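Letters A, B and C mark the chains as written, and numbering starts fresh at 1 in each.
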């Protein structure tokens, strides 16, 4: 195991600065594990902030009539909830997972560019400050929806510019983070770790990083045009000068649709690690999983206008985007089937990671199906911009991305913290979340079918009951996340709990389980020798 | 790790803790905060912006100096060299996509929005608008709402063509420099690098003159409807990239003069060269679709 | 097609079942308003679980497609998760399951790629037909332009019976106040009641042309199966042929600023005869109401008229107090309003300001603009004594 262990203590060569302590360790971090932790804590914070905003929305919608906020503030809550969740909570969390796990899984000493890695992280802080701080600017936070459609954005106050700059910075952060991830994967795998032996989490991130690099600059372009339209007299989105508001939507969704897969592919990777571990059986159809992921990524570039069926496209446009969108069901289906085939005739146990993973498959698929229903253009005409869409994307984002992150947390936190979480508490968290999630978001399908538009501060009274139900669910779901924070994450951070063995899951595979728990500060400083399947260290 | 084995190149150099990233991030906080205030009419924002930029530039200088020190100190193995190659390629890909957004905007306005604004249906809203790109033909109003003053477009002759020649030449001189470096003719390399930088600078001057000409004589402005918007944003962002590329080449030249790089290993040089060629290719695209079509 | 009908029957059955469960749920839950509220015919029903009962062919097709999709998806869902749960119960370690060793099979991969491919095609075929039908806006009997304003709808009858009729349709003010109060009375058409509904004849192909004045809005009427964004500077269209008379409701379906939730759509479908009567009456009203733009007004008269215009158009943002709120500028004491040069304020009303944060009001008549300016110049603390005549506005329009 010599290659694996931190040589701390028995080698005099370790410089003091390699083991930084105190605040410098975090502020000046170049260690992928520390940076991963920073990312995860950041995103947890943003999840809480975004969640509180969501509760503001839900509180207002508890009953007809305006009780809690005025309509201006309501729109700000919706917009900021979306932005913070997407750019602050989900994306950085996956980058945090990538930072922690990718070097461990491919047998690399660190990320390819350790300082740039830290830069990617620290860029998030100014961005978050600007974004959250915009609530306190004159006129309040941006209130044009997370999609920031022109020309409504042209009417926003100064906070809109703060938001735009914040998103530029977050984009830069994502691009640098992605470059780091791609290079680490392509160039720093231990000898013997061929691409097709690499854990799927690395594969999904490789493809995600490619998507990020391809689309974040496009978003930057779109919001830059918004900025110049606002302040420098351009007419990109202003028909009076020959521009077109719908052009904004095309550019935005060219980013936006791949973006939703950016938020789900790493989740697929996490689930693909967990299912085999708890089914005690190798992942079924590894190769086809890789191809399916790639297909999803490629298709994701040609479906964007399914968000725009009601803008008035020509028939051919509607048909093309409808067909292309429906095709994505096929590779996604392949993934679902492979997971189930992995479980088939396995020897399953249901610790918390497995519960969340199975919960993920089940609930995500519901969200996938509603996506497919939305893809059918004539049906989408009825459902576009209603709560049906809100239901759809919370099924894929909360029960998809967020659940996978919970699964990943329970699966890998022993490695991160060196202590086991409490299985009972994990189960409480899972079942509580699952039930309250459905109480919150299932009724939204009905609201949407009945025609309740989204981004509404008040609604006709016939919608009252389901809204009340959703609000109750949302507070319950929120409480479960508070429980997660206080009874699971914080104790683990403080080292409370049983010491974790090096490999807490008997059938888990991968190099991360070849190092002690908690993972030492430095791992794989010299490349390890691997067995034939690149899952074990043999020298 | 890192300096673990002095004098000998580590397998993969991992830098120790560094204050540069967080300092750079703080600089950017000033940048975006200042910029946000400035565009909203608070003059002091400009100073905050400038301060942030200087801060940031200073941090970058420190950062790069350290990295160059590591590189020259022999810490960077071949594997790191490969990492640099990958990262530069992906970075350039991201830039390609950034320009794609603006080329896409040009395509959309020309092929969709302007013709739509002038079609029969839309006559309901803009009865007097005749859709002609670039909206300066006889009888055509420059914008549907008549908010754009008449202007003349920028043709390919002669400034843009001169600029094309300049950039193409600079590509050649850069390649000559590269060959010279590989053959270890340092003097020749440096001479041709200076020539390249100079060509880049000339390009920027010519473009500056072109803009001046546009504003003062053609009445072509950023606010000249969607033609002005796409024209200036595309050429402007390109010009900015030329500026950045020129800076890269300049720093590489200075490093060459300091004796950095060997005939075998000089990725700093090559990275800047890739970037320069990328900027060149974007220009060719612009030259065709913005000036000719 | 038989199977499909069976599917859709199954869907309705399922729906009825779900409805029953839903109602049970609602009864146990009951919050304040819901009990006293009744279904709104043509609008939402209490705890409605499904799309609106269709009133056009297209809406019926959409509903059918939705059932069709729903049933296929549910069947797949049950099949797939049936397998999963079977496995979860049978192949668990506590049941003594030993892990098998297989981990790939090209055959099954191909099967579960190809079969879904055919399912997707099966889904796309009927959808294609509907898309084509939906987009065919030719040969309309009646063409109406619907313009989205922040935050109301303007209707212009462009072609067909009723040509020339034009009016604006706004949410009933009392509903807006109820909403603000936080305790709205149980009202069946809460937030759906407008002053002037859009009136159309039954069984006629009505083409709706949408556009907008400021930001994007969307014209939606679920019972007709239409939803079309209204995009400033561009026209888009959609169509419907209502097969039933009655009142049908919809709402603005694209975020358009703070009052997005308060710009409902109410379509009244009348029999051919009633429609003709309505058109007659409307034409008479128009003739009677038309202001003579050449008329020279007295101050008090014009102020009184202006007060109405203000309440209907400006108060939503600038407040009845004229003080504005947040980013909205005050009018009371504003420099432009007090300025002796009347053209400044006229220009702002005609062209808007701040990128449309203050929208252009050029769709108001000269008299209305003159009146509202005169009103603001002579109300609250503004006592300029200035008077703006319609002729001044007309002059500024050129």
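Quick note on the criterion: contacts are C-beta pairs under 8 Å (C-beta built on N, C-alpha and C of every residue); 3 or more make two chains touch, one makes a residue touch a chain.
Each chain and its UniProt protein: A = Cytochrome c oxidase subunit 1; B = cytochrome-c oxidase; C = Cytochrome c oxidase subunit 2.
Quick caveat, the model's predicted, so the values are computed rather than measured.
K.L.:
Counting only chain pairs that touch, give me the topology of the graph as line, ring, star, complete or other.
P.N.:
Shape = complete; every chain linked to every other.
K.L.:
Between A-C and A-B, which chain pair shares more contacting C-beta pairs?
P.N.:
So, comparing the two chain pairs, more contacts are at A-C.
K.L.:
Roughly how many whole angstrom separate the Cα centroids of chain B (cytochrome-c oxidase) and chain C?
P.N.:
The separation of the two C-alpha centroids amounts to 45 Å.
K.L.:
Counting in whole Å, what is the centre-to-centre distance of chain A and chain B (cytochrome-c oxidase), each centre being its mean C-alpha position?
P.N.:
Result: the chain centres lie 31 Å from each other.
K.L.:
Could you say which residues in chain B (cytochrome-c oxidase) touch two or more other chains, in rising order?
P.N.:
In chain B (cytochrome-c oxidase), residues 113, 116-117, 144 touch at least two other chains, as defined above.
K.L.:
Return the residues of chain C touching two or more other chains; collapse runs of consecutive numbers into ranges.
P.N.:
In chain C, the residues touching two or more other chains are 233-234, 237.
K.L.:
Could you check chain A for residues that touch two or more other chains and list them?
P.N.:
230, 239-240, 244, 246
K.L.:
Spell out the residues on chain A that touch chain C in their complex, using ranges where they run on.
P.N.:
62-67, 70-72, 75, 138-140, 143-145, 149, 151-152, 154-155, 157, 230, 238-240, 244-246, 279-288, 310-312, 314-315, 318-319, 322-323, 326-327, 329-330, 333-334, 336-337, 340-350, 358, 361-362, 365-366, 369, 372-373, 376-379, 381-382, 384-386, 446, 449-453, 455-466, 468-469, 507
K.L.:
Going by the contact rule at the top, pick out the chain A residues touching chain B (cytochrome-c oxidase) in the complex.
P.N.:
13-15, 17-18, 20, 24-25, 27-30, 108-110, 112-116, 118-119, 121-123, 125-127, 129-130, 158, 161-162, 165-166, 168-169, 175, 178-180, 182-183, 186-188, 213-218, 220-222, 224-225, 227-236, 239-244, 246-247, 250-251, 254, 522, 525-527
K.L.:
What residues of chain C sit close enough to touch chain B (cytochrome-c oxidase) in their complex?
P.N.:
Touching chain B (cytochrome-c oxidase): residues 145, 158, 209, 211, 233-235, 237 of chain C.
K.L.:
Where on chain B (cytochrome-c oxidase) does chain A make contact in their complex?
P.N.:
Residues 1-5, 11-12, 14-22, 24-26, 28-29, 32-33, 35-37, 39-40, 63, 79, 82-83, 86-87, 90-91, 93-95, 97-98, 100-102, 104-105, 108-109, 112-114, 116-117, 135, 142-145, 147-148, 221-223, 225-230, 232-233 of chain B (cytochrome-c oxidase) touch chain A in their complex.
K.L.:
Please name which positions on chain B (cytochrome-c oxidase) make contact with chain C in the complex.
P.N.:
Contact set of chain B (cytochrome-c oxidase) toward chain C: 113, 116-117, 121-122, 124-126, 144.
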